[in-house]
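Naming follows writing order (A, B, C and D), and every chain is counted from residue 1.
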Amino acid sequence: MKKIMNLPENFVKEMLKGLAEAKPDTLGYIPEKRIIYRKDPFTNKVALISGSGSGHEPDQAFYVGKGMLDAACAGPIFAAPTLDSIVDAARLIDKGRGVLFLVKNYTGDRANFEMASEMIEFEGGPIVETAIINDDVAVKDSTFTAGRRGVAGAIFVYKIVGAKSEEGTNIDELKKLALDVNANVRTMGYALKSCTHPEKGSPTFELGTDEIELGVGLHGEPGRQRIKTERANVTISRLLDSIVSDLPFKPGCEVAMMINGLGGTPVSELYIACSIAHDILKAYGIKVFKSYVNNYCTSLDMEGCSISLLNLNEEFKHLLLMPADIPIRYF
Amino acid sequence: MKKIMNLPENFVKEMLKGLAEAKPDTLGYIPEKRIIYRKDPFTNKVALISGSGSGHEPDQAFYVGKGMLDAACAGPIFAAPTLDSIVDAARLIDKGRGVLFLVKNYTGDRANFEMASEMIEFEGGPIVETAIINDDVAVKDSTFTAGRRGVAGAIFVYKIVGAKSEEGTNIDELKKLALDVNANVRTMGYALKSCTHPEKGSPTFELGTDEIELGVGLHGEPGRQRIKTERANVTISRLLDSIVSDLPFKPGCEVAMMINGLGGTPVSELYIACSIAHDILKAYGIKVFKSYVNNYCTSLDMEGCSISLLNLNEEFKHLLLMPADIPIRYF
Amino acid sequence: MKTQKEIVVGIIEYISRNLIGAEQVLTELDSHIGDGDCGIGVRKGFEAVQKIIPELNTIELADIFKKVGFTLAYTIGGTSGAMLGTGFIELGKGLKEKTEPDILDWVFAVNFALEGIKRRGGNTKVGDKTMIDALEPAVMSMINSVDTNKEINPVYILEKALTSAREGSENTVNLAAKKGRASYLGERSIGFKDPGSVVICIILESAYDYLKKSV
Amino acid sequence: MKTQKEIVVGIIEYISRNLIGAEQVLTELDSHIGDGDCGIGVRKGFEAVQKIIPELNTIELADIFKKVGFTLAYTIGGTSGAMLGTGFIELGKGLKEKTEPDILDWVFAVNFALEGIKRRGGNTKVGDKTMIDALEPAVMSMINSVDTNKEINPVYILEKALTSAREGSENTVNLAAKKGRASYLGERSIGFKDPGSVVICIILESAYDYLKKSV
């Protein structure tokens, strides 16, 4: 394993330090609790917090900023954030309008956010609500009973609910909106190469030189099927077929499309996937309102991509187009 | 080799198609000539064109937009664009104020842009000027006599000159500005893993599992030195020492810092590099005005990063902060 | 004779010492079917518990468990942090305000903790290959002891419960995980023991050992 | 007897046919020390030239070369597109407006083309392992023939020039590239012949063969 890092056990701490130092004016950082938060004194707004294991960057500390998240709690790599991190973040960021937790559906994440909510309630802290995100269609046919995983579709939830929260909307409506976005987004991905956990030092799974893993999870969990490599045309079709038939997305509907890199795949290849997906969706009669192509929710250095489709309505469109002043950007 | 692609020979064409389809409102695309251009009817502005071999995405088609480039000519992977692509782009995009070519210093790129200029002049086309970018400090001590290579520092040139061009500045001043930015930017990178050319199918060079290549080039050209892996602290120090002593950057100066991923490295690792670089520059007494951390100028799926420092003045700062409406973005 | 509070703090000291000592065993089990951090997390959690032992002596019985639970949840992180934290907190809640609970109160509280963990885990069931595979049989055994057999000797009750827990833990070897991180391995998780179930066994064993010595 | 224009167009037809036929040889050489596209590019370029042969017959001598040069630069791309394109364009310029150049005018023009390519390449020198290693000795031989030996037979002059070009091309095998893409390979480029130098040899050989037949 080769990575740009010092000691593996300091991976997350040094990464978050780098983020805070890159944006000293807008971001606050509490190293002991691995919290990144908005430093500007926003008011009259429900605060949005997300958190999960690290290794999915830019998800989610890199989405903290006006118009998106207000704080993020980072756990160790691929492990849920600790209770105190969540509780402290909620206390710190609440502006009296309450705190909405946006949580991807994993046992550890759910359990820790749930405990944090109970603890905050117990201590008479801010009002807290939680919306669970579970957009991964790959898990449908499996025997796993922890339910569908939350993957890249979460970013659409942050974006839309984040934009809405800036309008001063109350916590119940925001939670409803979050669940509404979640109900309308579906994702599936595939891997060309496993990720390598910095503290483990070896790949999480082994793919042959001519194999790909369909429906892989964000922590290298096995997917639906391991198959031989094939032209991207064919693979992207498989992903889109699963996604489109799942909601289902109907001919004539309008979608936001996210082509999300898993960390080790260059944007050139993501745009090839984008080109292919456009052709396939056209054949389905599905209109792409806007394409989002980049690394949004990764799995360390995994190679591959996921595709998310979000079924749009006028409100979603409007909120997607609102600006988001987040640290991950080009200029 | 596994990549998200169909036929290797269609790699560039499909990627550019994906880009054009992702931004149908703002970008035009001429497939036969591999030109991406701004579709909005801007006026009273010198047009900026860059071009080079493909494989460095988002450089440079993904920087076409208000405030940055006006057109980009893509060559085949790692090969200069053809003369007609450059000539046609210049004719297409000129608004009567002339066209400035921003060209990274490679034999094929220089030669083709030079010919294009001569051809345009010969045919009485738009006024054309060229600024050559050569920011790579790695080449200094080598035996290559094609001169320093142009690498990620080019993006600062596009950004600053692009912002200035929107003010209606004339072509001579813009060229002067481009050369001034180039004179103040220095870059050096290192690779953890080679890239793989899609049409070649095997890695351009082979690094041992415990080796890194210091000063590697954007096409996998050998660098200054091949050494054993070491903590990122040490490697980033080596890069910054070479960069700082080259200009030289003096204590007290203010810089823009770019931590540029080479394509296969996740942003988490880039932010670790960012954290380390901040510490080292603090020790040098160099102030970081703004950090740019992402994949700006890549080498297909190469793993590693480059660091660029730009010595700032008030004008550079002002122009860096101007908005750029480019297709590569998050939201 | 020791007060119940003294005994409880003594048991917690035993549990802490034994689980810290089990770091390597737990980590190795978790590397097979998880992400290899179970031992590290549990060690960090109970090292933090060791630091608050003096404070535990000064507070109410139910609060001792809550305090331990929050400490674990604050320091472990991941799934086991939430599960063990929940277990101790709910045990505290299950004791209600009782300062001298009888054996039925204790079994009620332990069952309350079991239900809390199952709820926290997303309705975890026996057979999902988690700590519940050890904890639920143990609690069922306790209920059986006090209910059907009218047994009141806590050492006997714990001894039987520990046997059930160990059996349950051994059974996880043959199961495919359905909850938690190991579930992502699907069938490939068969053949390995669940680390969380071993944590439960060590907790019960520590309580049994301590009680046997002190009563 | 043929006019100079007819001879020139005839030579260009020969060059095109022979370079198109050399695609595989050139591509293989370029795969060793470049990116393996030299043959593809050159083929595409001269296929385009073949298409404009009828038009070439209708324009001035100097413009024939310019037209061929631009066609090559439009279609080849990469380094060889620029270099060959430049060579033909500069040759045209070097002929000035002359419609019946004498042998001295021709050598002047060829030398002008050489200087143009060297300039375009960033002051390419003999020893850099490029097409210049074949072209410069050939041009020097021509200058020598007309200057010192006062030779005026173009077939003889070309024969000697071709020999020099071939020697120069062979010499590139032992050189480490200092210009162009092969230079990135450094010492590792030693042991392979430069493809561009082979292109030069084929061009001169075609001219020689055609002239020998037609005069």
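As a convention for this text, a residue touches a chain if its C-beta (ideal position, glycine included) is under 8 Å from a C-beta of that chain, and two chains touch if they have at least 3 such contacts.
All of these numbers come straight from a predicted model, not from anything done at the bench.
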Taking each chain's C-alpha mean as its centre, the one farthest from chain D: C
Centre distance in Å when chain B and chain D are each reduced to the mean of their C-alpha atoms: 33
Chain centre separation in whole Å, for chain D relative to chain A (CA means): 58
Distance between chain centroids, defined by C-alpha means - chain A, chain B (Å): 29
Go ahead and note the Å separation of the Cα centroids belonging to chain C and chain D. 84
Among the residues of chain C, which are close enough to touch at least two other chains? none
Indicate which of the five shapes (line, ring, star, complete, other) describes how the chains touch one another. line
Please list each pair of chains that are touching. A-B, A-C, B-D
Going by the contact rule at the top, pick out the chain B residues touching chain D in the complex. 75-76, 78-85, 107-108, 110-112, 114-115, 119, 142-147, 197, 199-200, 217, 219-222
Which residues, counting only chain C, touch chain A once they are in their complex? 31, 35-37, 41, 70, 73-79, 81-83, 85-86, 120-122, 128, 176, 178-181, 183-186, 188
Listed in rising order, the residues of chain B that touch chain A in the complex are 2-7, 11, 14-19, 21-23, 54-55, 57-58, 62, 68, 159, 192-193, 209-210, 212, 229, 231-233, 235, 263-276, 278, 288, 291-296, 298, 300-301, 303-305, 320, 323-324, 326, 328-331
